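One chain, chain A, links the two complexes that follow: it is found with chain B in the first and with chain C in the second.
What follows is the complex of A and B.
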């Protein structure tokens, strides 16, 4: 088999590109510490989430302070709302580290703080866990970005990152 | 002698498959236009926003599954017959797989169309990924299963033809086109196992009420085990065309037979153990498995990058045979007014762009930014929607005359058609990619939210401009589709015998032929075994952990749509 020298060069560049891509992803996780959504949230019974008898934070979803500048937010996704998020915004203070636990009580949904990389699938039976730093105050839209039924396009919510001084520190929503 | 005269039975099979493919293309394309106008808010008078998802399901299933599978079945029937120079052995078997696929597609289509009529018990508004626990009518799942089973029998039919040829030609190299068909089908057999288990073991019994719950994560994992290789099931036939037909259309010959074989072998090995890259953002799957899939995915770039070189080199060789000179000015010597050439070449150019956005998708951490946004359909309209679809349309201009014995009609329309498609797709795909970067989700009837100001901030040109590009692009694509269908219908209905055909199925040998390519490349058993080992590594542990707590747990009851 004879391979033209240009093609050999091309193959070498292609392999370099591939290894380069893999290296950037490896660096992303080892250097800046970009963590993928994984199995750390564990599993849950979707029907118990539905009935509010799971014995977890999903029975009374919302924001809880867990440490100095650290918060936990349980969000329940169901056709066609986020609880909390849709009827009342999720409120967290600026400069905080927030861990979201998101699960679904009925079908598969998506949870995306639009325009950011806060994005996860919400699968019944699984708890998505993702930790986010909110540096600046701001207002964000949350959209369900996985088709979840005829009213899918109405499923949205809001996240308010308020200045520390204005935040009611005892309780979120 | 035209193919239809040499192999009338095979030509009939190809015609039947192409006929179904083009009908699916027409309906699916119409649905695409309705979507483009609806979700951009240009025209919402035809359907309401709930029916949008019925249309979207129809668009995905009819184009990505029915159009592609039937077209590929026709193309491969021609390729096997042409390159082995013998007919398929048993016409009854051949028509059996065609009918199985047809009945399956019909059932799935009926279930989908039922979604427009709430008074009917049929519905399948589950999109073409049909993630449980959204539940479609059993008719949909049974139809999908029959389509796949039919394609399996078709593959068996081509293998049988090959085995018969092998008996008569024990020492010859597998002809390149047949080699490509067989490797594609091996990849298809290995990968469709996932969706077959999902549908037959879980979804059909579940939709019939025989089991009450299924595990949503396990079933979507089985789907994506199949859901990425299906992309290669669309692409490998496009490569088949680019490697074996395009060089001839360009006026030359394929540069290297060996590299073509290597590329297809790489696809057999690497296409399947990558599915988790569609599930980077799924909870319940450890990061390490996602990393393995990411690495395999990146190496899967290699066959496409090799193809880019070989195909462009073959085109350059053709152009130089036609008098082309210079570093780049040979490009002008290519037959850009031959629609079969122009469509295939433009599809290849668009595939390069699609390849780059695919590299972004494959990047595990950057995937957070674009997962489930409009970026993703922007990407795959360049791959399946152009690299495959436009190549298939283009080669039809060359192949349909040969399977009907009729000269191509409305040639002027055919000449402009690939360019209309190219411009339409440039507008639509570009805007979709950019909207996706801004966070606009895919799969939504109305991407305008109450929280919209906070939702989709700074985008170059703004949302309005992107919506217009998408609507305009979608309309041009529909126009391009219309032109194609006019040419095909005109050709199909034309009279035979008005002059001899200007095209034939003879394909020139490669510059560096099979005598220079290592024999081990034809060892299909070896490549299949390596593929299975890689799949066991990539999928064994995660599937084991998902079924460790019971195959139906954590379970979800069905939510009928």
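What follows is the complex of A and C.
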């Protein structure tokens, strides 16, 4: 079959483009270390989360320090609030590595730190585990991005990344 | 209902609400009016989206009144039971959590009291003493959007006047009801009126097919058949246009152009929009 040399050229260009796309994703995971949220958080009984008898961090959700500059945040999502997050903001220091454990006690919710890639579905019975580095102080909104009922549009929270010097671990919910 | 003064006072919302009560628009509006007349208190639409509001429950004569937090309402256990309570001045209202419907709290609309963070433990209580007469509206913060709202009516306001108000009100409301029922009746009758109009207009005209149709029918009857249209003659083209020679450079420049566009979008999307937006999930 005779293929015109120009046609050969743009087939080669299209292949290069595909290789480019794949290498970008590879760079994302090897360079900046972007990860997918998987099932590493494990499962949990949603009714025990609801009643506060799960025997995990969800019974008293909030921020705990687990090491130098390392924090764990347990967040319970339920209609129509994040606990903590909605009534009082989640507070973490800048320059820290924070692991969020998020689960729902009633229906499926979403957990998205608005304007960032920190975003996960929150499914009752499953724990979403995600680790995030917060380098700079700042204030972020948290939104639920899975329709969860009549008050879904009011379901939001706040995350405050405060400077190290101002962070008081006892205040951290 | 502030629209007592007449039809002008009938708000759009009330009209819609009345209209929503199926075909019996008048009956629906009259029913709304009766409920308002009985309670005699203007909540200014506070209970318009509260499914378990069923008039004001009279608890006067008690020092302490209990309101349950988290009763069956608004599609789940998202209600205060009862939603509206009438108490004497100086009464302490105790809200008691049922532990159902997730975490709730009690937040005053205007009066400053709040139970704080929403909790879902059964048996949790919050109390507030009401000294001054008036209406104190409150809600549950997480479930405000679905209609978890309540009100405390302190004192006798609007309670005694129920009878007189009911009489006057029902007369006025039936007038508004007549307006709705009349519009509805007119809407149903309009096709009939239009049919009558057409009939009346067509009375003087000749009935049956037009002259043209009559001629056609006559021709068909006389076996002449319908008139035959003549086809236009086929003409030779004035100018023939040849196919262009295949020009790969045009296609190549298009391919390069799209490539540049795709590469630009790809770089912006991944490196600027995705990686460039602050914290990201790293584990």
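What we mean here is this: the second predicted complex is superposed on the first by the 159 of 173 C-alpha atoms of A that agree within 3 Å, B and C clash if a C-alpha of one lies under 4 Å from a C-alpha of the other, contacts with A are read in each partner's own complex, and residues count from 1 in each chain.
We adopt the following convention: a residue touches a chain if its C-beta (ideal position, glycine included) is under 8 Å from a C-beta of that chain, and two chains touch if they have at least 3 such contacts.
Because the structure is predicted, anything quoted here is derived from the model rather than measured.
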item: Contacts of A:125 with chain B and chain C, given as first, second, both or neither; value: first
item: First (chain B), second (chain C), both or neither touched by A:106; value: both
item: Partner chain in contact with A:54 - chain B first, chain C second, else both or neither; value: neither
item: Partner chain in contact with A:33 - chain B first, chain C second, else both or neither; value: second
item: Which of chain B and chain C A:96 touches, first, second, both or neither; value: neither
item: When both partners are placed on the shared chain, which of chain B and chain C touches more of chain A; value: B
item: Touched partner set for A:149, first chain B, second chain C, both or neither; value: both
item: First (chain B), second (chain C), both or neither touched by A:88; value: second
item: Which superposed partner A:21 touches (first chain B, second chain C, both, neither); value: both
item: Partner chain in contact with A:115 - chain B first, chain C second, else both or neither; value: both
item: Contacts on chain A seen with chain B and repeated with chain C across the two complexes; value: 4, 6, 10, 17, 21, 24, 28, 34-37, 79, 106, 115-120, 138, 149-151, 153-154
item: Residue ranges of chain A in contact with chain B within the complex; value: 1-4, 6-7, 10-11, 14-15, 17-18, 21-22, 24-25, 28-29, 34-39, 41, 43-47, 79, 106-108, 110, 112, 114-129, 138-154, 156-158
item: In the complex, chain B residues that touch chain A; value: 49-50, 52-53, 56, 125, 127, 131-134, 215-217, 220, 255-256, 258-259, 279-287, 290-291, 294-295, 298-299, 301-302, 305-306, 309-310, 313, 359, 362-365, 368-369, 371-373, 438-447, 449-452, 454-457, 512, 516-518, 549, 553-557, 559, 561
item: Chain A - residues contacting chain C, complex; value: 4, 6, 9-10, 13, 17, 20-21, 24, 28, 32-37, 50, 52, 78-81, 83, 86-88, 99, 105-106, 113, 115-120, 130-136, 138, 149-151, 153-155
item: Interfacial residue positions of chain C with respect to chain A in the complex; value: 74-76, 102-103, 116-118, 120-121, 141-147, 248, 251-252, 255, 259, 262-263, 266, 270, 274-275, 277-283
